[in-house]
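Common to both upcoming complexes is chain A, partnered first by chain B, then by chain C.
Presenting the complex of A and B:
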């Protein structure tokens, strides 16, 4: 951080003091918003889950009872587990599709590549609720896939609608554009000459990927994965519309506990647990950005 | 209730009929909240809003959709908090809300008492539909079974709970209901199973008699019945996430039978969402539960007089007829108050009684108990 600031100041030739003031003014608004709309409510929520009324309903005191309930309740833990599972599986599938796709888009030119790129970016412009209903029409029972299979004499598949695979498929489709865009940005740092040189000395596709491409796009993969994980962990629309009734992912579970079970303390406890998981991934993301900056500045 | 709100209420009672005159109604915007499905919010936007605004120049109804569980609950809590601090709740009327919520709201004087509000049409309300003095029943509907007559003849459709259970088990994968907290059609199917386990006696469940320990025992029998049905449901125990999603599966021919709201099913058939060949049947041993929508007006509403006038307007023959013909609902007024030809046309579907199930603590216990005892289906995969 320090060396980027000094080198930036020197390069533009601006006096450091005024640059610092402008910088502070620029960050003041977002920092104020983060403090009032994110940090403050989170603080309140954590306090609310630890400062509970006594058994007679009066006299608030420190208590970890709501966390003890969450971590001893098989149903809540099942919901936490399916959230972790869905996030991990979706991210893995997404990377397995997005990495080869972005490598293809980086090193191929021509009409076919342009079409593939347009298709890959397209989901960015489709709201997830529309996507969820389209999913039911296409992959749902008696949907388009079923009709096509029946017409060519193949047995019908078991629809992923209302199973744990429903949200996974939705997430992969919905998050593909952002992941591809981030990876493509990372791949632009891999020079074509480096790849060609490796090929000239006889490196195969796998070796080229492992030794030339992967080291350069590692940070981009981490950034893309962090974005996806953070989005999926608290996702609501896909698990709500496409997932099974139980186990529930944390998003619908929190909403139901708050709005239907009318148990705000437990809903906040679920939210704090979810937040801690997200915060851990957030820390990864920030660390990777910082490490990247340091490397660039060197 | 403090003196100020009491006086306001009394004055509102005296003034409401006079306020039907357009001259007094300059520039008010009524905030109307609804958590009902799209058929009801559309009815408000397309029928109630234009006709009320035409009758009261300068008045606008702002239809606010607060859908999904707890949507109007949060608004009602805000109104209660506003009442305690003497500020405005930014709310004039909720189209359907249980006046028993939030707890203590009635005691604090949150809701207008319709018996004292002095509205001209209150005497026409169907006495069977009145549950409390604080909710104004203006439309009703009931859950029934909707099925595909091309796969199951109208005469072969089940007429009792036992026949329904037999049919579901004999036709695995052909029945689905939605999660009880995500819509009343599945919710009242679950409640019917609970009624079945408790001697088919809806009177055992009242708003006031909830007791957590006793409830657990009473609900367990119903959950056992439902858990026993689970393997025979669509996809061996799948549950849709709303009334409309069940209708979608019936429309796609993926299932043969679903529980559905009477009004929503009739409208779906009229609009072609469900085919003409859709059959409707009600159980005869004890019908599936239903209910009347209870409109509530907070006593601290910004436009209290106009909100009460709007409530009165809901009970006029114009709107009540539209409820029957437009959205397939039951009128909130007695059938005898409706035009004679309409009474004749709908004679067959007029229910003699509609079993109800209390909301609040009971509702929360039913849906959370269902999620913990019925929804997890270990044998499914």
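Presenting the complex of A and C:
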């Protein structure tokens, strides 16, 4: 793409040497920020957790000791496992809700569909901290659900507040809008005629979904899932406020290791472990956005 | 109408949509209504369905707290400073990405994606350990820096698209009648790109106002923003109503954003921007 850009400049007959320098100067500051605040800290985190001072406190050398500690420590592994579990379960529930919902929104118009769309987008405009508070008031002990159950003579619920289900419910609520929006963008490529043609030759709902819709929105589902996984894997607010104290998800775990245990080396080791587990999703997400931009630039 | 017509009309009603809308209204709007009720409840004892006594007593109590005003002031200062710096750094860069031709343009443009490609809190921890050695932890400017990084991508990508969409023929026409480059930029380019730039600035401001994790990790315990105050209200289980009142106050910027976003961006544009 770089070469099309330069040849475009040449085609208009402008050598644009001044533009080249001015351009680099104008973008220097934000690019420098990405380098110093993203690339450098990540690189340093990886290096510093692998080059540790020797037992006498001097002479840094290559060592996997901090990783060996993480992967042999039962508490750390428990936290990693609960993070993987929560991320997987939340993403699965989210997709199970968002895929049918966006298919409905793609092929239906009218008053009810407009209301459903507005409701699906609405959580985007509710800060997660307010949602966390609302969660406690609704699903917490003596919350609204308990009040309603008591009024119709049913026993209280086993509240999901401060259990592993707390963050899951929060994540699903909070991530619904962006997931639906990404899936809808993918579904705009499915033509109504193709679906109608399939129905005309007698394909059922499930067959239509598998053979007509799924092949077209498969990539969008993966993008949405990557986006969600990247957001959830090291999430802090919901697990900290709504989840159990132990085992805890990686977000609160890292925060505690950094802020309370005051062990920056372990905190960074934990951070690098989250990078490793998310690397494939991050790579996929960046690649598809880059491909998308290239397509639009053409 | 014959029975057949009636049956057809009955089938045409979007029952799926009505059921969906009803369920989603309960699940999505319901919790916020409960918060709204609590904010105006003076007495609400279990298991009454509605508060026994209504009133504004807890509004006075919340607004009378010094920590609320201090947090509001810190949050507004942070949001203004971060948005201003972000605009100063990013808008010229966005213009360059859209209009100028320089080596490595596309790679540099995509480099802002790295912010989104890593699990956020892990990234914050990596930055925080460096800030620790620089003495930036617990300082206002440490929080400004970490929140500024968050804003880079949208503040560059949205305005870049806006500058690319400006009608070049209008600029050429202005130049043909003798306008200088600065005049053309000020009177032709900027007004056309302005709505998208304003949207990016608004997005940055609101996003920074609600940013919690960076402020918590870098700012604690000295820099307390509104979301961080809210965390302590939830955790310490003070009077229930205080949290409810603060929630409503905290929602105001998001609500204004909602009203404006309805005009500026459709879900399609948003989805494409996120890579759908």
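In the analysis below, the second predicted complex is superposed on the first by the 251 of 298 C-alpha atoms of A that agree within 3 Å, B and C clash if a C-alpha of one lies under 4 Å from a C-alpha of the other, contacts with A are read in each partner's own complex, and residues count from 1 in each chain.
By definition in this document, a contact is a pair of C-beta atoms (placed from the backbone, for glycine too) under 8 Å apart; a residue touches a chain by one contact, two chains touch by 3 or more.
What you see is a predicted model, and the numbers here were worked out from it, not measured in a lab.
Colleague: Counting only touches as set out at the top, which of chain B and chain C does A:136 meet: first, second, both, neither?
Modeller: Both partners, chain B and chain C.
Colleague: Tell me which partner A:75 touches in the superposition: chain B (first), chain C (second), both or neither.
Modeller: Once the two structures are laid over each other on A, A:75 reaches chain B alone.
Colleague: Return first, second, both or neither, reflecting whether A:63 touches chain B, chain C, both chains, or no partner chain.
Modeller: neither
Colleague: Check whether A:256 is in contact with chain B, with chain C, with both or with neither, and answer first, second, both or neither.
Modeller: first
Colleague: Looking at A:245 after the superposition, I want to know if it touches chain B, chain C, both of them or none. Which is it: first, second, both, neither?
Modeller: After superposition on chain A, A:245 lies in contact with chain B alone.
Colleague: I want to verify the contact counts: of chain B and chain C, which reaches more residues of chain A?
Modeller: Per-residue touch count on chain A favours C.
Colleague: Which partner does A:163 contact after superposing on A: first (chain B), second (chain C), both, neither?
Modeller: first
Colleague: Under the contact definition given at the top, report the residues of chain A touching chain B in one complex and chain C in the other.
Modeller: After superposing on chain A, chain A residues 136, 142-143, 240-241, 255, 258-259 contact both chain B and chain C.
Colleague: In the complex of these two chains, what residues of chain A are touching chain B?
Modeller: The touching residues are 75, 78, 136, 140-143, 158-159, 161-163, 240-241, 244-248, 255-256, 258-262.
Colleague: Using the touch definition up top, name the residues of chain B that touch chain A in the complex.
Modeller: 68-71, 73-74, 179, 181, 234-235, 238-241, 245, 248-249, 252-254, 363-364, 367-368, 371-372, 375-377, 381
Colleague: Quick one: which bits of chain C touch chain A in the complex? Just the residue numbers, please.
Modeller: Chain C residues touching chain A: 14, 16-18, 20-21, 24-25, 27-32, 34-35, 38, 46-49, 89-90, 92-93, 95-97, 100-108, 110-123, 125-130, 132, 145-146, 148-149, 152, 156, 210, 212-213, 216-217, 220, 227, 230-231, 233-235, 240, 243-244, 247, 250-251, 254-255, 257-258, 261, 267-268, 270-272, 274-276.
Colleague: Any idea which chain A residues touch chain C in the complex?
Modeller: 1-2, 5-6, 8-9, 16, 19-24, 26-27, 29-31, 33-34, 37-42, 44-45, 48, 101, 104, 108, 110-113, 115-117, 119-123, 125-138, 142-144, 146-148, 150-151, 173, 178, 180-186, 188, 220, 223-224, 227, 230-231, 233-237, 240-241, 250-251, 254-255, 258-259, 264, 267-268, 270-272, 274-275, 278, 282-283, 285-286, 288-290, 292-293, 296
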